[in-house]
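Below: a set of structures, written as structure tokens.
Look at the two complexes coming up: subunit A is in both, with subunit B in one and subunit C in the other.
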Partner chain A sequence: MIDVFAQALADGVASGALYGLIALGLSLQFGVMKIINFAHGSLLMVAMYISLWASRYLGAHSLVAVPLVAVVMFVLGFAIQRWLLEDIYRKEATREPMGILIFTTGLWIFLDNLFLVIAGPDYQVIKGDWIGRTTSVGGLMFGYPQVAGFVFSTLTTVALVVFLRHTRLGRNIRAAGQDREAASVLGIDSARVYQVSFAIGLAVLGIAGALLAPMYPVNPFVGDIFGLRAFVIVVLGGIGSIGGAFWGGILVGVIESVGAQLLPATFSEILIFGIFLAVLYFRPTGLFGLEKE
Partner chain B sequence: MTPLARGGAVGAALVAAMVVPLATPSPYALSIVTLTLLYGYLALSWNIIGGIGGQLSLGHAAYFGIGGYASTLLFVQFGVSPWFGMFAGAALAALAAALIGYPCFRLRGAYFALATLAAAMILKIAVENSHGLLGGPRGLEVTLLRDAPLQFQHTRKEFYYAVVVVMLTIALSINYLLLRSRLGFHLVAIRNDQDAALALGIDITRSKLAAAMLSAALTAAGGTFYAQFVMFISPDKVLSANLSVQIAVMCIVGGRGTVFGPLLGALLLLPAEEIARRALGGIVGADMMLYGLLLMIVMRREPRGVQRILRDLWNRTGAPRSVNAG
Partner chain C sequence: MTPMLELRELYSGYGDVRVLRGVSLEVREGEVVSVVGANGAGKSTLIRTVMGTVPATSGEVRFLGQDITGRPSHEIARRGIAQVMEGRRLFPHMSVEENLLVGGDILRDKARSRAGLDLTYTMFPRLAERRRQLARSFSGGEQQMLAIGRALMTSPRLLLLDEPSIGLAPVVVKSIFTALRQISEQGITILLVEQDVHRSLALASRAYVIKEGSVVREGPSAELLADPELRRAYLGI
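On to the complex of A and B.
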């Protein structure tokens, strides 16, 4: 019985790191631009399909596909911010960003159903020798994709933190997020910073999608549940906080995985959202309080 | 024309327009018209919190479902007339809206949209798993009594058409009066500039809560109507995320925050959806793709909706006007 729980705990941590990575881009975009991108889950779904197609039609190993998907998503993110969001954002920079919310909701519905039309409703899986293999660590069993997901999620999170703290561009991004006017006085081109931040957010999401694809069957609506979970994680971790997103992801992963041992699977979903609403009631700045808004 | 006279003229034209569908010989056509007007009613209900209040709700299907399930359950289990069940559902939905809204309205930005989305999803999962009382994923059937108007059912479609016209008129009146009331002014002030509204001493949380509860109650009454009209409800029909989105899209495309915009949105979108579905030969997903696309186009081209475009056209070509109203 202890073993079962230890395994569930370890599984939760492993998938939680990946959930945190999914939420990371969302949190970055919010932290810098104060916008919520409702199409986040759908863009994850797009990344998963790109990964699926790369392995199916190009014969790419799904880990080789990770940087490829990241690059495609980076370009997509840059284009979305530059040609779709920028005008709306500029118009309502000081108000409640209702326009961005509605626009990205439209993008979400559009993308989900576009993929329903072009890819069909069926669940599709990536095939590969390594996907079914397992390894055991200290009596616990892990699938190869699970290990890859945990390792590369953690590395990506660390890399992003280092990038934001120690590079010039990273510091510009943080400066623009803290005070847009002061940043522009110092010669930072905020429009360009937003394009790059949005693009980085999607590149990170692309990595997450490519890591998730070998573990989870892809269908046009796969992003909805992960997207909603990403929002939950961002709120749990404190909106705009990178470290918070990572720990929030682990918390949600553990709740889901341990909860599934105790409750029917659908109830762990209810539990996660219940916690989400409870955090909104009692600690809207997030559970960890790592960074202030 | 004064705004009041103009409103009256438009109202009279609408009433006249509502008599016309009764002349159609086909019950199918009348059903389509009835459903279109129901969506118009729902878009107007959404408008109270989403348009006038400026808070994006992506979970109105939850209130719609609460209304449908409450009245149906009371009717099937306890024989309570759905006319009363309608009010029970409305009260329950208002309570749910208060529970979801209260934590979010103290915060800014997207919290409310997220919480409504999450709450609707929780409710759908919960109902799908309640096999005993609520029938699980298969749903509930309304006991068939045939011609029993006191039990909110009738074999003739004209009955439902009349009811939906009355409901629509009520929703239009509420929106009209709200925009001219103290609460309406407060909501518009909050939507335009929350800090300024706060400085003027407006109780922001309370105003938003009142709007959310009123909106939820009206939506729930629509859910009861739907249950009685179709005589059957199931989670994938009345609690789906697509429904929440459709309601919001109609209001936004038509013109959020106005009286006739939401109705206009429904009158434009439902027939458009029907035509698109026929033209594309029933490709699954094409209709919702259209909704997403329209939402994006409206937000980029004219965030105030089709209503605004028509008004600008009218102002340009119609009677010369010294000042451009609002």
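On to the complex of A and C.
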């Protein structure tokens, strides 16, 4: 019995780190631009398909596909911000960016249906020898993709924190996020910062998608559930906090995994969203009180 | 000689609200020039229009002989104008040192940025003592010093200051003005908007009085201070 729980806890932490990574880009985009990107889940789906196709048509090992997907998503993110969102954003610079919210909602539906046409409705899986392998650590069993997901999610999160804290570009991104006008009178081109931030957000999402793809069958609507989960995690962790997204992800992963041992699956959703609502109500700055980036 | 900064018949405002109505003024290299006027006269709008954060609707802003009207603020900053904003506007989730480094980032040169940091700490030793603290934990005076230090980190030719002494205790105001004098002595040109008319005119060689978005008087500070009608009508002293 103890073992079952220990395993569930470890599974929860492993998938939680990946959930956190999925939420990271959303949190970064919100933290810097104050926009809510409703297409986030769909863009995760896009990343998963890119990873699937890279392995199917290029024969790429799904871990080799990780940097590839990241680069493609970075370029896609840059383009979306530069040619789609920027103008809308500029027009409503003095108001709440409502138009972005509606636009990205449209993008979400558009992408889901576009991939329905391109890829069909069926679930597809990545094939590969390593995917079915397992390893045991201290009496607990882990799948290779699960280990890779945990390790690379954690590394990516740490790398992003280091980048934001210790590089000039990272500092400028944080400055523009904290006070756009103050940043621009200090010589920071906020439009450029937004392009880069959005692109980094999607690159990180691309890494997450490529790590998730070997574990989870892909279909055009696979992003919806993960996208929703990412919103929950961003709120739990504190909007704009990178560390918060990580710990929020772990929390949700553990609730889901341990909850499944005790309760029917629907209950863990009730629990997660119950906590989500409670946090929004009582602690809108997030559970962990970490410093924003 | 062409002035360092020159405004010609400048108009600007917010949407339909017209604030500046044909302001012309100039600041020559090395000068300290003060702009005074009542609340809502358009002083902050004037500074923000120079900096490009409020778009000019007509007229011209010239810096070092070049037309910079309509240029984005980050570009204007890179040309050598720094603004100490009304309300200080520090980055609240950054440490003192990080706030300063953001200013230095414009130089794209780590060594020069470091050197600027040392200079700033020499001018404001209080900042050096607290370099790791979050800026938002500071007193008003310390925050203002940080805001000035951050602007200086960009290594500007011209410094625009929007009410640096507002809301501060008299001794703190005094030290802020001492710092401004030092900055001026280092050769940085200053355009100063201030509520503390006495101190600001004592520091500036010339001043402009603005009312409802227009310049109503200009001249040497001593002359303006001595004019009894002006004292009553515009300066409220």
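Here is the rule we go by: the second predicted complex is superposed on the first by the 291 of 293 C-alpha atoms of A that agree within 3 Å, B and C clash if a C-alpha of one lies under 4 Å from a C-alpha of the other, contacts with A are read in each partner's own complex, and residues count from 1 in each chain.
Keep in mind that, in the parts below, contacts are C-beta pairs under 8 Å (C-beta built on N, C-alpha and C of every residue); 3 or more make two chains touch, one makes a residue touch a chain.
Just so it is clear, the model here is predicted, and its values are computed rather than measured.
Q: A:59 in the overlay: touching subunit B, subunit C, both, or neither? Say first, second, both or neither.
A: In the superposition, A:59 touches no partner, neither subunit B nor subunit C.
Q: Applying the touch criterion given at the start, work out whether A:168 contacts subunit B, subunit C, both or neither, answering first, second, both or neither.
A: Second partner only.
Q: For A:189, using the defined touch cut-off, is the partner it touches subunit B, subunit C, both, or neither? Pick first, second, both or neither.
A: second
Q: Between subunit B and subunit C, point out the one touching more subunit A residues.
A: It is B that touches the greater number of subunit A residues.
Q: What is the contact status of A:138 with respect to subunit B (first) and subunit C (second): first, second, both, or neither?
A: It touches nothing on subunit B or subunit C.
Q: Touching A:181, do we find subunit B (first), subunit C (second), both, or neither?
A: second
Q: Across the complex, what residues on subunit A touch subunit C?
A: It is residues 168, 171-172, 174-175, 178-179, 181-190, 291-293 of subunit A that touch subunit C.
Q: For the complex, which residues does subunit A have touching subunit B?
A: Touching subunit B from subunit A are residues 34, 36, 38, 84, 87-88, 95-99, 101-103, 105-114, 116-117, 121, 220, 224, 228, 231-232, 235, 264, 266-267, 269-270, 273-274, 276-277, 280-281, 284.
Q: For subunit B, which residues are in contact with subunit A within the complex?
A: Going through subunit B, the ones touching subunit A are 54, 56, 58, 100, 102-104, 106-111, 113-115, 117-119, 121-122, 125-126, 128-129, 191-194, 241, 245, 248-249, 252, 283-286, 288-289, 291-296, 299-300, 303.
Q: For a test of understanding, state which residues of subunit C touch subunit A in their complex under the given definition.
A: Its residues touching subunit A are 51, 53, 72-74, 77-78, 82-83, 85, 89-94, 98, 101-103, 105-106, 108, 150-151, 154.
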